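The next part holds the structures, each set out as structure tokens.
Two complexes follow with chain A in common, the first pairing it with chain B and the second with chain C.
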Partner chain A sequence: MNQSVPTSAEITILVVDDHASVLSGTVNILQQQYPNAEIFTAQTAEDAQAQVHQQKLDLVVLDLSIPEKLRDQAQISTGIQLLRTMMQEHAALNIVVQSAHVKSLIRLKPAINTHEGGFTIADKSLSMQEMLTKVDWALQGLMFTPKEMRTGLEVKPEWLEVLNFAFLEGLQDRAIAESMNISERTVRNYWTKVQDALGVYPEEGINMRIQTEIRAREEGLID
Partner chain B sequence: MALIGGVILVRLLGLLQNLEWAALDYGLKLRLPEPVDERIVIVGINEGDIQALQSYPISDRDLADLLEQLQAYRPQVIGVDIFRDLPVEPGHTELSKVFKNNSNIIAIERILPGRSGFTVSAPPNLPDEQVGFVDAVLDADGFLRRSLLGASNLQGKFRFSFTMRIAETYLQDQGIFLTNGILDPEAMRFRAKELHRFQPHTGGYIRADAAGNQILLNFRSGPRPFRQVSLRDIQTRSVNPEWLRDRIVLIGVTALSQKDLINTAAISGMTPGLVYGVEVQAHAISQIISTVLDNRPLLTTWPDVWEYIWIILWGSVGLVLGRLSPSPTKHFSVIIILGIALIGFSYGCLLLGLWIPLVPALIAFGLNSIALYAFHLYDQGLKARIQDRQMVIEKTFDALHNGPLQTLSALLRQTQDQDGSMLQLNQNLQTLNQELRVVYEDVRQELQDQDRQFTLGRDLRLDLKSPLHEILYEVYAYTVQRNFPCFQTLKVKVVTFEPLDSRRLNFENKRDLCRFLEETLCNVGKHAEGVTRLTIVCGQSKNLNFIRVEDNGISHSTIPSDPNSTHQKGRGTQQALTLAQHLQGSFQRYSSAANGTICEIIWPIQKPWFWQR
Partner chain C sequence: MEPCRDQFIAILRVFSFYHKPTQRAIQWWFHQQTKQTFELGELIREGLLQETFSLRRQLEFLQAQQAEESSTRFIKQELQELEQIYRQLEQVADQLAPFYLEHRWPLAIKQAMQRLGRDGKGLQISLVLPVNWDYQPPQQDQLFLKFLAELLMMAASKDPDSSLIELKLENRQMIKVKINYRNLATRKVVSDSEEIRHLRLAFNFLTKGKINQQVCKSQVIYSLSW
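Coming up: the complex of A and B.
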């Protein structure tokens, strides 16, 4: 059930990093992977904010330690604030956060949990291939957070409802959406959230829905 | 404020008395010369006279001759500032006769033992109206600043001073009579001029001896305040008769060898600090008749309360200044200008006869403005140094971040792309990466403003300026990971943290809410046996904010359905109730349907809610 985004897709990406060398490195890798992609860059929070407003972006790759303006001090809090506003204003934006400061993201968990777009976290020290995987997942609208960010199994009540409708009543997404009085898109978003909570990610030869059911029963989310 | 209090205390202890006296003397001395008071003439028996007489003390006959000669000029009053309790032959009978026949001649006595230990009687057989005492009250520093108008003698009989007798006699002849005061019945008064009695705390005085009826001495300024002639001038009739006619004539000894001297610092003269007794009498008489006839001011003071208000006021000015002023040059210019203004104002007051507390006000002002400013400078220096250090730390991290950490990231990526043989190295590099970042975070958080933080455990500090639901989420995330027995069985947490309207909450409220959530979760960890599911909802509905924590464990401790009903409330419950009260909300703890416990705090938002960016 791996539905990778085709590498030939015509997508727009914004890469935010205050280090020119890292920036060009990331841009190179992304350009190689997605030759048809249009890639923008920003080195400050201010610039990134402006670009997110101006154009319709498919993906933002964001380093958390950035300055507000040029010549300002690079600070994680600046990146956190930028991320917070981006999620508030563009609920469907796909985001990859590049940072080693996973702990400082914990406070944004309530916002990340309600974010409708893809959201993945890629440590800067990840291998290139893993990084590209996280980019791909984000473009798919999936959610990935590393273990350090989680406090055991944590879910939201509406995700549990989705699991119950699907595995106890055997409903399909559309029927679930009707029952819960939400959009099908939102149901899919809840799936990816609960899958992240259960640690179920796209893998070769794995049926994610079935894998999710197995894990949910293991954890006692459904009886 | 402590400094102002200190200045007042020091003043009350009398430690500033000498300085205040000195300031008064100096101020009086600096005044412009006043015109000669022609109403008073001093006949001074000087060294030349004594040598010419070939005897001392001057004999009764010589004195009687002098008085007869003077009477020929028809003066109004003659004051004899020479003791004549005992006959100084020859001529005693003649002198007695002169005293007796001329009611305008006033003689002297000493009514109190004083330093000399003896009293001195008036010449015998003189009526009281012709006798005045010459006792003087000196200040602790030996200087004369007060004038005695009347006092009781050793027999308890009220006596008038020589000064008062002469002034009274002189004014009486002008149709002005001595009466009692209106404001103060014990004070003396001529027409509307009440001679305000000196009090123990008048002006700069602290617990002074105010016995009898005293007033402050307002010396007549100038090098020659009175006309002065010698005995020989009279004997040789070389004195303009106009100088003596209808005047007050004072006869006294003006020879340094005869030691009839008084210390004063308020008069500038030939012999600094020393004046003859007869001159002092002239000053004292002159100040009374001048105030009655010429409206010349007497020396007055403010009531004590006003004096202290004045001191506090100047201390406060210093206090404000000490906190305000930016640059040292500006600051000290302002201090100097205000200091000069204060001195100038005090001097101006003195010219009008008002003695205000200059020294204490100046000290309170100076101490506050300078000491506080020094403290302020020190404080600023300290802040600047802290800021510098903060900069160094930030720069250090910048350097770390831009240099080694970037290299490290690149290295990590490279090694990971290689095969497994590099795994160990990669792991070590990962550790190093974390360690480097932890150093920075630790140092930085240490420096952050403690007031706006909520501290969890030993190493997590939350910024209370962040959105409340985010802070609460962090409190939750941290607390459920703590090592409590009941958390072992916990399988799933169902959480909803939605934005709360926290506009009317201050940092203290937020901190209390964090504490509430932490406490509640700790209780679950400690008491909710067999808990598998923890449900936390934090959000708002309509115009209420709420935080609800529900567990499905079995709590052994008896939980009352109404937390108000028990008097065995735990500290946590008590705190929660207090918090709810502060927020005008409510706190509840009750058993859930699934045998668990529900803890809930609800409080009104007050204002219509809308999401603010």
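Coming up: the complex of A and C.
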């Protein structure tokens, strides 16, 4: 069962955005939600990358349209490249992409699908509360990508295997990991991917595994 | 009617042959216009959308600090209006600079079709699009999307309630649009219309592509290839 990260948690967050007003607005809200959090900021890709290396971060909140260096022009490709590098070098890092350009992430879909940390997308049209939910999900290690980034159900064979082992053979994560010859952590990671594909997210009073089974049967992924 | 149309097309082909430089110049001009439109969309995303977002966060932060009910009610109202503005700006930006154009052609089509439905054009469109799509460099895709949207609007303009549209992306170079009308008369009004003829010729002239029209009773199939 997934549980929200306590607001009293002593977490370390990096917020990346080139607009000073957006940066301060986001920091204020995060600080209000997590009073014990240590929050760093960066306005360029260069600075963000340096801080990701220096700090032991629990979460990065990243805008995609950012400049490489100060006085450079903000470009989506710069944010996309930074994100790609971060995911390659810090596979377990939790990331929230907060941007008005979230649809551009389609070109990173394969990398997002293999990322091991939490990964959520918060379009800048979201309300503060919705954005904080995406932050919480990323801190829990979950994945969320908007529906409009797909033309249909996109499920990888290894995610299907997890569903089959769990719901047809009744195996628990550890046994699934042994059967698939992968780590238990990877199994948990596959759960978040398939749940995102099926549109199953944390909700009060809802058991996510049962909900996943129902949705998987509805979609014909398991008999 | 048909021989007359064939004659017209033949004349246009002869015209095009002898006016290649003019055709190229017009194609170039359209390309420039499309580029400018795209940049305008990006400008909205980078400027107005960011400003609206920042304003919204400030108001939300203020709302969380306010204890007075009248103040929070006022802020809530302002937030709703701001959200509306954000959505509208986002739609304009998406229309001017479709996001998926460079990366996922099927998603670009899906987005454009959703927009047609959302704008209250009365279109019922069923889409058959591939899930996986390899990256390919964009060429005249934005211009092509405009033609596709125009064709669908024309197809439904005479009788929006009765037309059921099936759109299938065959491959990167071909889309089939199948339209079933309630009766033969409506189908004829649309498929024989001057607008459709103009559209087919303009498509050919500007994209070097072709729109084939196949009619069978109350059904018409348009194959757009380029």
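Methods note: the second predicted complex is superposed on the first by the 221 of 223 C-alpha atoms of A that agree within 3 Å, B and C clash if a C-alpha of one lies under 4 Å from a C-alpha of the other, contacts with A are read in each partner's own complex, and residues count from 1 in each chain.
Following the convention adopted for this analysis, contacts are C-beta pairs under 8 Å (C-beta built on N, C-alpha and C of every residue); 3 or more make two chains touch, one makes a residue touch a chain.
If you're wondering where the values come from, they're calculated on a predicted model, not measured in any experiment.
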Exercise. Looking at the overlay on chain A, is there a clash between chain B and chain C, or do the two fit?
Worked result: clash
Exercise. Touching A:205 in the superposition: chain B (first), chain C (second), both, neither?
Worked result: neither
Exercise. With the two structures laid over each other on chain A, which partner does A:153 touch: chain B (first), chain C (second), both, or neither?
Worked result: both
Exercise. Thinking of the overlay built on chain A, is A:32 touched by chain B (first), by chain C (second), by both, or by neither?
Worked result: second
Exercise. Is A:170 in contact with chain B, with chain C, with both, or with neither (first, second, both, neither)?
Worked result: neither
For this session: Examine A:221 and indicate which partner it touches, taking first as chain B and second as chain C; both and neither are also allowed.
Result: first
Exercise. Is chain A touched at more residues by chain B or by chain C?
Worked result: B
For this session: Jot down the residues of chain A that show up as touching in both complexes, chain B in one and chain C in the other.
Result: 19, 21-22, 65, 74, 100-101, 106-107, 124-125, 127-128, 151-154
Problem set entry | Of chain B, residues touching chain A in the complex | 394, 398, 401-402, 406, 408-409, 412-413, 416-417, 429-430, 433-434, 437, 441, 462, 466, 469-471, 473-474, 476-477, 480-481, 490-498, 532, 535, 613
For this session: Quick one: which bits of chain C touch chain A in the complex? Just the residue numbers, please.
Result: 45-46, 49-51, 53-54, 56-58, 60-61, 64, 79, 83, 86-87, 90, 99-100, 102-104, 106-107, 110-111, 127, 129-133, 135
Seminar exercise, completed: Touching chain B in the complex, chain A uses residues 19, 21-22, 65, 73-74, 85, 88, 100-101, 106-111, 124-130, 151-157, 160, 219-221
For this session: Within their complex, state which residues of chain A touch chain C.
Result: 19, 21-22, 25-26, 28-29, 32, 65, 74, 100-101, 103-104, 106-107, 124-125, 127-128, 148-154
